[in-house]
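For reference, the structure is listed below as structure tokens.
A, B, C, D, E and F are the chain letters, set down in written order, and residue numbers restart from 1 in every chain.
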Amino acid sequence: METKEIYLETLITASPQEGRELAIKLARKSIAAIQPDSEIRKGLRKDYAEDTAKLIASSQVIATEFQTIAMANNFWK
Amino acid sequence: METKEIYLETLITASPQEGRELAIKLARKSIAAIQPDSEIRKGLRKDYAEDTAKLIASSQVIATEFQTIAMANNFWK
Amino acid sequence: METKEIYLETLITASPQEGRELAIKLARKSIAAIQPDSEIRKGLRKDYAEDTAKLIASSQVIATEFQTIAMANNFWK
Amino acid sequence: METKEIYLETLITASPQEGRELAIKLARKSIAAIQPDSEIRKGLRKDYAEDTAKLIASSQVIATEFQTIAMANNFWK
Amino acid sequence: METKEIYLETLITASPQEGRELAIKLARKSIAAIQPDSEIRKGLRKDYAEDTAKLIASSQVIATEFQTIAMANNFWK
Amino acid sequence: METKEIYLETLITASPQEGRELAIKLARKSIAAIQPDSEIRKGLRKDYAEDTAKLIASSQVIATEFQTIAMANNFWK
């Protein structure tokens, strides 16, 4: 595997709130992995931030990533 | 990570009903994280509240968030 | 959080069949939470009950809600 | 809750194969719960059996239902 | 339940790689269960093998089936 | 089952970051399993790398694969 930016050192976060932020970050990093050109991504950004269906689909990805993070943190119990 | 509103202090809720409400809140906060402009979100709101496909997609997000919350609460058993 | 109708007192059901019915109820309540106007919902109902793609998407929501309920009931074993 | 046909007495099946069959049955029963008119369902059937996107979406529902059933059966180990 | 081809005797596989192959097989068998006519399926095959959205949707089904299989095998640890 | 390239020897990875990379690899291998012609896949690549809806759908697949991998690694705790 080629060398890449290390963006995920741990799934453990100090709080549920930070878990949400990590979930959003992971969702964004997946997009960046598939479309590495940041200029193209910027061009696409408006496309999904003002399109309801894409906003909902993005929040589904966040919900799935968050479930994994929450399990990793034993739900911050 | 920049400072953000703290909207999720805990996944623990007093009842399943409150768990549902938290799931809906988390789904909404994901939308707000991607589209921070509340005026644009208000404009989009009618778009999904009267579009069946988007309502169903939204309820899928809620179902996923709720599953995480239910696990965190050991299903309120 | 504002006061709302209590529609989910427990995830525990007497049987798998009742678990299915609860899953369907939860899916419907999510729609109602996003679109509180029952007249609009009635108007949308025909839209999804006769549209295959929306029927399938709805059954995906039910499957996810049911998974949570089944776990809560330790699969009625 | 009104009286309905009992189609799910248990999630326990004798084999993984029967678990698949139950998953397919549950997916179908969800459709029937939303669209109770069997004549309309028959009319829709051709619509999804010959439409690739709908076939894939249906198999996603089956995969989710099967995951629940497999967990209930401790994966038939 | 009518007699059907037995295509799933066990979820246990010798390796993760075989688990992937089983996941793909299960996804295909779901399509076959809904559309039993192999000639129609052949006609649809080109439709999804050259359509990006359908390829991605199919890989979502495989990911879900694989999760179940991986759990059944205790992740081949 | 016919002989195929072995691309998944283990779900265990040294770090969460490598887990993400494996999740992306699995998602890609699913596409390749359905569409084995690498020339056609190259032609499709631009299609999804510049289409927001497909990028989001792809990141949903990655999220699901990653959840499985994270569970296999006991979340790298």
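In this text, a contact is a pair of C-beta atoms (placed from the backbone, for glycine too) under 8 Å apart; a residue touches a chain by one contact, two chains touch by 3 or more.
Being a predicted model, the structure only gives us computed values, none of them experimental.
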*Under the touch criterion given at the top, what is the topological distance in steps from subunit A to subunit D?*
3
*Overlay subunit B and subunit C by their C-alpha atoms and let me know the rotation angle in degrees, rounded to the nearest 5.*
60
*Label of the chain whose CA centroid is most distant from the centroid of subunit F*: C
*How many Å are there between the centre of subunit B and the centre of subunit E, using C-alpha atoms for each centre?*
31
*asked:* Taking the mean of the CA coordinates per chain, how far is subunit A from subunit F in Å?
replied: 16
*Residue numbers of subunit D (touch at least two other chains)*: 48, 53, 57-58, 60, 64, 67, 71
*Considering only which chains touch which, label the overall pattern as line, ring, star, complete or other.*
ring
*asked:* Per the contact definition, I'd like the list of subunit F residues that touch subunit A in the complex.
replied: 15-21, 24, 48-50, 52-53, 55-60, 62-64, 66-67, 70-71, 75-77
*subunit E-facing residues of subunit F, complex*: 1, 4, 6-12, 26-27, 29-31, 33-35, 40, 44, 47-48, 51, 53-54, 57-58, 60-61, 64-65, 67-68, 71-72
